[in-house]
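Two complexes come next, and they have one chain in common, chain A, joined by chain B in the first and chain C in the second.
Right, the complex of A and B next:
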């Protein structure tokens, strides 16, 4: 059984005529790296939000481990799937960089020592230690993206969905992110990358899905 | 009706809002609310959606009902617990007034959506409002949906990181939102600063005089509609000042006497709700109010 199943899923935004996604049937496993590509407005972000249960399909069903997403709450889904938004500003809400990373860990019920240890490791890896007590929104765009990714990666979800993760990152930071993704994949967890960065996805992805006119045109069932 | 001048729409909104604030009794407010819905339907606005949105305000209304009943005591006691009035006719009336007032204010504001924000800037400028202030109003309209979207996304991010907003206790909820709104406020300030730089880079306020491609002109219908709304509002205000509208749907006259047996709260708090029934009494009067 796949980790996430999309069964005959169609979606259009309320008040709009255009159907963004038509009758999608897709299975996502929590193993390996899946890349989702497509031109602007092809429905990549919409697809990712459907995978997380942020959006509910107009028709069809999305299942997580065989359970319909509509029967689960966002915190329940968040324990299994990590999501990095296209715009990192929208997922940063704590007063310091350190707090931003520890927020989810504290909600997972880890002891203060474990939280501290994990936060330190993540801050070091993403080279954010010197900003530990900085207000997150005062960081540069690239730093904010690194922080958003780090805050989600710290939770070690079974599947990680990254929407345009390399936007604003320099080549060195891209490689750091790629190395971390490889580590995640090696620990038998899945990654879904939505990106226009063909070089990046060609290097790390093992499966490719292309969206065109609201439908999966390539890589279905691969 | 959608083709009306934006200035006429502003006048309609102002008239409806003024009446909503001035009227202080449930029945006239209900009539005004029905009238507002009729006006919205002539503008082809789907107002049924608003009613469903107000479902979320029901707990607030319930709190208001209890608060009003306790602090604006008086009238008939509808529900009491161990001698404490939980629900009184005065409280019920006051809560109804608040509900209808909010419904009218929000519904009438929906008229704004029937013209573009650019038209409102033009309208305000032609109403002799300084361009800077008119532009600020437009920016507020322009960015409101963006901020709402941002708040929605941030709340999703919070939930995905393990917080069940529906289950956290009230005390923690307040703490959480205080914690959450500080960065949000900062983000708004950052955006405002970026917008100011962008505007200045595009020559905002370089020249004192601005020219406009389009100039708004009133049609005959605009004059009729405006005259109708202004005259009706003035007439209602005049009637209110003459105390033509009774204060509530429950009879409360008996409870207004300043008798020695009445609790102080009743004699002091009631006139606040129904002040149109009273006039200022001489200094010798201890409560400061007397029945007309």
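Right, the complex of A and C next:
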């Protein structure tokens, strides 16, 4: 059984006539690195939000480990799947960079010592230690993206979904991110990357799904 | 006259007091494409905001030195006046899209200039066609993809026909077809004498640049011909600017 199954999924935004995704059938495993590509407006981000239960299909069904997402709460889904939005401003809300990373860890019930240790390690890796006490919205866009990614990676979800993770990242930070994703994949967790960055996905992805006009035109199978 | 003159520019955000720009000086001529390159947090976007007057007029902070666009001192004129000279497309297009349809978004600035309706209609038509937005002209910008939002923001800025354009990572979320389209448009605008500053990380997106400015920790460490800098792999690797 796949980790996530999309069965005959179609979606259009409320009040809009245009159908964004048409009759998608897709299985996603929590192993390896899956790249989702397609031109602007092809439905990539919408697909990712359906995987997370942020959006509910107009027709069809999304299942997580065989259980319909509609029967689960967003926090329940969030414990299994980590999501980094295309726009990091959408998910940053704490008063300092350090708090932003520790927030999810505290909610996982880790002890203060464990939280401290993990926060320190992730701040060091993503070179954010100098900003530990900075207000996150005062960071540059690239730094905010690194923070948003770091905060989600710290939670070690079974599947990580990253929407355009390299937009705003300089080449050096892209490599740091890629190396970290390799570690995650080696620890038997899965990554889904939605991206136009062909250089990045060519280096790290193991499976490619291409969307065109709201349909999967490549990579439908495993 | 140089289109852009930046002389000994220093900038500190308040209240953090973090020094973002340190003694930056450069000029950009009419019909020149200048790329700004550097690691995240080195001050590229802050420099763009200084050219458009968002700094110091909206974000405050401590700015010293000179920034002139078409001979106008940025700190002495308000953003509405500066917008006639400098079109700024932000890194996050959501901060500049606020109307219910793509068409409204593009018509907004020309309407505010009180241009005749037929001129507004022509500019909207031209932008929609040039940027390939006809399928989404009635769409709500908030429901578009990241790359499409950047195209709409660019259309809204170009509709004002400014002489100087500052584009902050507009191609980062675009597919290869859209990137090529934007590069073709920019090369075409250069022929009409527009001065264009592009802030990007991808060397591939800089292929149309005449010159490259490289920033490091707020300081301008290199200003040279784009072809020379792109070919200097040792320098780019040392600056961690190669993937």
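Quick note on the criterion: the second predicted complex is superposed on the first by the 221 of 222 C-alpha atoms of A that agree within 3 Å, B and C clash if a C-alpha of one lies under 4 Å from a C-alpha of the other, contacts with A are read in each partner's own complex, and residues count from 1 in each chain.
By definition in this document, a residue touches a chain if its C-beta (ideal position, glycine included) is under 8 Å from a C-beta of that chain, and two chains touch if they have at least 3 such contacts.
Since we're looking at a predicted model, the values are computed, not measured.
**Q** Based on the shared chain A superposition, would you classify chain B and chain C as clashing or fitting together?
**A** On the shared chain A, the partners clash.
**Q** Look at A:137 in the shared chain and tell me whether it touches chain B only, chain C only, both, or neither; answer first, second, both or neither.
**A** first
**Q** Report for A:89: first if it touches chain B alone, second if chain C alone, otherwise both or neither.
**A** both
**Q** Could you tell me if A:77 is touching chain B, chain C, both of them or neither one (first, second, both, neither)?
**A** first
**Q** First (chain B), second (chain C), both or neither: which does A:54 touch?
**A** first
**Q** Answer with first, second, both or neither: which of chain B and chain C does A:151 touch in the superposed model?
**A** First partner only.
**Q** Pick one for A:108: touches chain B only (first), chain C only (second), both, or neither.
**A** First partner only, chain B.
**Q** Thinking of the overlay built on chain A, is A:171 touched by chain B (first), by chain C (second), by both, or by neither?
**A** Only chain C is touched by A:171; chain B is not.
**Q** Find the residues of chain A that appear in the contact set with chain B and again in the contact set with chain C.
**A** Touching chain B in the first complex and chain C in the second, residues 87, 89, 135 of chain A appear in both lists.
**Q** Please give the residue numbers of chain B that touch chain A in the complex, ascending.
**A** 150, 153-154, 156-164, 166, 179-180, 182-184, 186-187, 190
**Q** Name, in rising order, each residue of chain C that touches chain A in their complex.
**A** Going by the criterion above, the answer is residues 13, 16, 18, 38-41, 45, 91-92, 94, 136, 139-140, 143-148, 151, 169, 172-178, 201, 240-243.
**Q** For the complex, give me every residue of chain A touching chain B.
**A** Listed in rising order, the residues of chain A that touch chain B are 52, 54, 73-75, 77-79, 81-83, 85, 87, 89-95, 103-104, 107-108, 135-137, 151-152, 155.
**Q** Which residues, counting only chain A, touch chain C once they are in their complex?
**A** The contact residues of chain A facing chain C are 13, 16, 18, 38-42, 44-45, 86-87, 89, 134-135, 138-143, 145-146, 164, 167-175, 196, 198-200.
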